[in-house]
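Pasting the structures in now, so scroll down.
Each of the next two complexes has chain A plus one more chain, namely chain B in the first and chain C in the second.
And now, the complex of A and B:
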C-alpha cells in the first residue's frame, strides 16, 4: 500500500515507512511474534495438551511432500482454481457488460446472478458430487460459481456507470455502437474488471477450501481427512496453512497484475 | 463553408405527466453564417439543453432546428460541441483525444495524427501531445476539448460554457486565443456563458434567455469592430461596453452594481 497519499486521519496512526523494506520488516516481525505466541501456548499446553508444536507441523509438511503427494494435490487445487476462475472470467465479463449497457438484459439476468451469490453451497455440494464426481471437475465447478459473482457484478457496475458525458462525446461525433463499446465503455471498464478479477480469485480460493473440506476424499481435503481421522492435528494444521497460503498469495498476485495494468484510475480522473 | 443555424419555434419538455419539466418555450433564433453569438441565461434555464438539441444529441418536443438547409435529427459532423466540463477521455493522451472525431469518421491514422497535431499547435498545446488529461491544468484540458471539436473541421461550433470552470486569468487568455483563432478563419459559433463581460468581448450578438420555461428575452448586436483580440482594454473601457453590460444585467434581473465608496 502506498503511504504517500494517506489521508491526514490515517497519517496520525501511520509510522513513517515510505521504505518498502521497513514494511516487510514490520510484517515479518509481527509474524515472528505470532509464532512465538503460538509456541508459548503449545509449550505450556494451554488450553490443551494437544497443541502441536511448530516443529511437528513442519515435519508433517515434510512427510506429506515426501510421501503423500502434497505438491500434486496443491497442483490440482491451483489447476481447479485457475480453470474455474478463467471460465468465470470468460462468461462473467461479457455478461456484466451486456447487463450494464442494456436495461432489458439487466432486468432479465439480475435475479439469477444474485441467486448464484446466495446459493448455500455447502448444502448443494452433495448434488454437485453426483453430477461432477469427487475429482477435479467438482472443484472447477465450485471455483467457477464462487468467482463468477464478483466478476460479473464489477463488470456490470463499470459498464453501467460509464460517464454520460463521455458517451455523449462519442455520440456527438456519430460514433457507432461498436466504436462506443470498444473505445468508451471498455477502457472505462478496465479498472472495474480488474477489481472484479481480484475479488474473483479470492472467492475461487474460498470455494476451493469449501470443496476440499466437504469432498474430503481426494486432494487437499483428502489429506486433511486422513490426518484428522488419525487425530494428528499437526497434519491438519499443516494442510490448512497451505490453503491459507494460497488464499493470501493468489489475490496478492492479482493485485500486482492490477497495479501493473492500470494506467489511469477512476479517482484521479475525477468521475 | 460555414453554415447558418435556424432554431424554429422549438420547445422542450423533459419527462411527461406529473414529472414533466417544461424547459424551453417556443424559441426561435436565426443565426447567419460566420456569426459569433453568445447566449446568456440564468442557471438551469436550459442553455445546455438548447446546445445539445442543436448538436442533435437531444430530441425536440416541438419545432425544428436546421444547420444550413439540413434539419437536425441526429448528430452530424457539420456541428461540433465543446462540452461544459471538458469531457476528455482520461485514458487517452492529448493527441488521441483530439483525433477522436476523425477516428470515428474513419480517417486513416497518419492523416488524422497530422491534423490533430496541427490543431494541438494552434491551441497552444505543443509539447503536451503525449500527456494525459490528469496531467493538464483546467485551461489546458479545455484547449484539448476545443481542439477536439475543431479538428473535424465543423461548419458550426457549439460551445457550452467552455470557460465556466476556469479561473479569471486563464479565462482571459482563452478568450483572447479563441478570438484570434476565430478571427483568422470565421465559422458560425454559438457560445453559452454566464459571464456578461465575456459575452460582450466575444460576440457579434448576444441573446439572453429568461427563466424556465425560457424564451429569448433580449437580442442585441455588439458594435465593436474586429479584430478584437488585441484590443481588450480598449474595448472594455469603451463607454458602450458599460452601457451594454448594464442593459444585459437588467435583462438578467441583476441589480445595478454599486460603486464601492473609496475611503481616503
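And now, the complex of A and C:
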C-alpha cells in the first residue's frame, strides 16, 4: 500500500510483481539491443573485418575447452587468485587492526600502505617478471598486492571507529588488551573486514588479469597470445569473456557470503 | 618472574611513558609527530632496500643510487621529458573524455528511473569487470594507434566516474527533495540547486579515483599496444633486464599520481565550501 508520503526508496523496496517484470524486460531488452548492435558491426565488418559473429565466439570457446586446456588454465588462475588473496588476508587483517588500535603503528605503516595503492601496476610487472619469473609466483605476488590494500584499509577503518563507549566499558572492567581485542574490537570489525574481503577478491581478479595479458606466455594470457598471433579475434574474445566472467562472479559470490554472515548489519541500517 | 616484579616493571614503564609524553607535550616534535614518524618509516624502508640491494646483482635488485642514475640516463638518452609530456597528453585526453561522458550519464541514470533500470546491471558489471582483459581485443581491431590508447584510458576511468556520480544523486536526502517539491520547484531547478550540489563531492571523489585508474590505463596501453613514451622506455629497459630503469619510471608515475590526486583534492576543497556546515 503506497501512500503519498512514502519515499521513493520505500517504494522501490516494495515493488510489485508487475514492476519487477517490467524492469526485467527493460534490462533484457537493452542486453538484446547490445547483442544486436554487436552483430550488426560483425556483419558489416566495421571497424575491422576481423570482428567475429557471436556463433564463432561460442565455437572458439568449445574448441578451447575440448582441445586447448582452457579449464586447466582457469583452474591455475583461480589457484593463484586464492593463494594471493589468502596471503593478503593473513597479513592484511592483523596489520589493519594493529594500525587501527595504535596511532604510532598507523603512522609507521601508512606510507607503505598508500604506496601499495598508488603503484602503477602495469608499469611494475616487467620488473616483477625479472624477480618472480612468468609462472605461478608472479601471479600470486600481484594478486597479493592488489588484494592487500582494500583488506588493510577496511580492517583499519573498522578498528579505528570502534565506539569509544565500548572500549571504555572494557577498560573500566579492567579487561586485558587481548580480551578487549577479541571480544570488543573484533566483533565490531567483522562487517568491515568482510567488506574489505569482497573488494579484495575483486581486485585480486583484476591483478590476475593484468598479469595474464602482460606476461602472455603461460596460462590464460598464453591462450590469448596464441589466438592473437593467428589474428583470430573470436578466440581472443572467448578468453577475454572468461576473464571478465571471473571478474564479475567472484566478487558477487563473496557478496553472497557476506549477506549470509552479516545478517545483523541489516538491523543496524534501520530496515 | 613473580607477579610482584611484573607489576613493578609495568608501573616503571607507565611512568617512563607519561614522563616522555609530558616532556614532549606542546613542543615542535609533538606538533609534527605524524610527519616525523612517517618520514622515519620511509627512511628505514629505503635503508633496508639499499642494504639488501648491495648483496644482489645490479640487474636483479638495483640500489637507490642506480635507480636515480637510470633516471638521469633516461633523461639524457631516452628523451624522458618528451615521453612524459606525450604520456600525460594521452592520459588527460582519455580522462577528459571519460569525465564528459561519465558525469552526465551518471546524473541521467540517477535522475531517470527508466535509464537507471535499463543500464544499471551493465554499468555495474563493467565497473566490476577487469577492463584490462579487453585490451587484446582492441589491439587486434584498432591496431597500435594513439586513438586506441586514448580509448583504453577512457574505459579505465569512465565507469568509476559514472558510478560515483550516480551514487551521489541516489543518496540525495529525501527531505531536501521533499522541500523542493513542496515549493513547487521545477525538475530543472531541483536538479540544478538540490541534487547537483549534493552530488558534487561524490563527483570529485570519482574524479580522484578515476585519476589513479587513468594513470594505470595509460601505462598499460603504452606497454601493450604501442611501445611509445613512458611505456616504451619501460619496455626497452625491461627487455635487456635492467630493472633499475623500470623502477625509476614506476617511482616517477607514483609521484605523478600522488600529485594529481592531491591537486584534485585541493580543487575539491576550493569548490565545495558548504560541506563543512553540515
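As a convention for this text, the second predicted complex is superposed on the first by the 233 of 271 C-alpha atoms of A that agree within 3 Å, B and C clash if a C-alpha of one lies under 4 Å from a C-alpha of the other, contacts with A are read in each partner's own complex, and residues count from 1 in each chain.
We adopt the following convention: contacts are C-beta pairs under 8 Å (C-beta built on N, C-alpha and C of every residue); 3 or more make two chains touch, one makes a residue touch a chain.
Everything numeric here is computed off the predicted structure, so don't read it as measured data.
Legend: residue contacts after superposition of the two complexes on their common chain; A:63 is shown touching neither chain B nor chain C.
Of the two partner chains placed by superposition, only chain B is touched by A:187; chain C is not.
In the superposition on chain A, the chain among chain B and chain C reaching more residues of chain A is C. In the superposition on chain A, A:121 makes contact with chain C only, not with chain B.
By the touch criterion defined above, A:169 lies against chain B but remains apart from chain C after alignment on the C-alpha atoms of chain A.
Applying the stated contact rule after C-alpha superposition, one finds that A:228 touches chain C and leaves chain B untouched.
Contacts of A:243 after superposition: chain C is touched, whereas chain B is not reached. By the document's definition of touching, of the two partners only chain C reaches A:130; chain B does not.
In the superposed pair of complexes, A:107 makes contact with chain C only, with no contact to chain B. Touching chain A in their complex are the following residues of chain C: 33-34, 37-38, 40-42, 45, 59-61, 114, 117-122, 125, 128-130, 132-137, 139-142, 174, 212, 215-216, 219-220, 223-224, 230-231, 234-235, 237-238, 241, 243, 246-247, 249-250, 253-254, 257-258, 261. Per the touch definition, chain B reaches chain A in the complex via residues 52, 55-57, 74-77, 80-81, 83, 85, 87, 89-91, 100-101, 103-105, 132-134, 148, 152. Interface residues of chain A, counted against chain B in their complex, comprise 163, 165-166, 168-176, 179, 183-184, 187-188, 190, 263-264, 268-269. By the touch criterion stated above, chain A contacts chain C in their complex at residues 7-9, 23, 26-27, 29-31, 34, 47-48, 50-51, 104, 107-112, 115, 117-127, 129-131, 202, 205-206, 209-210, 212-214, 224, 228, 231, 233, 236-237, 240, 243-244, 247-248, 251-252.
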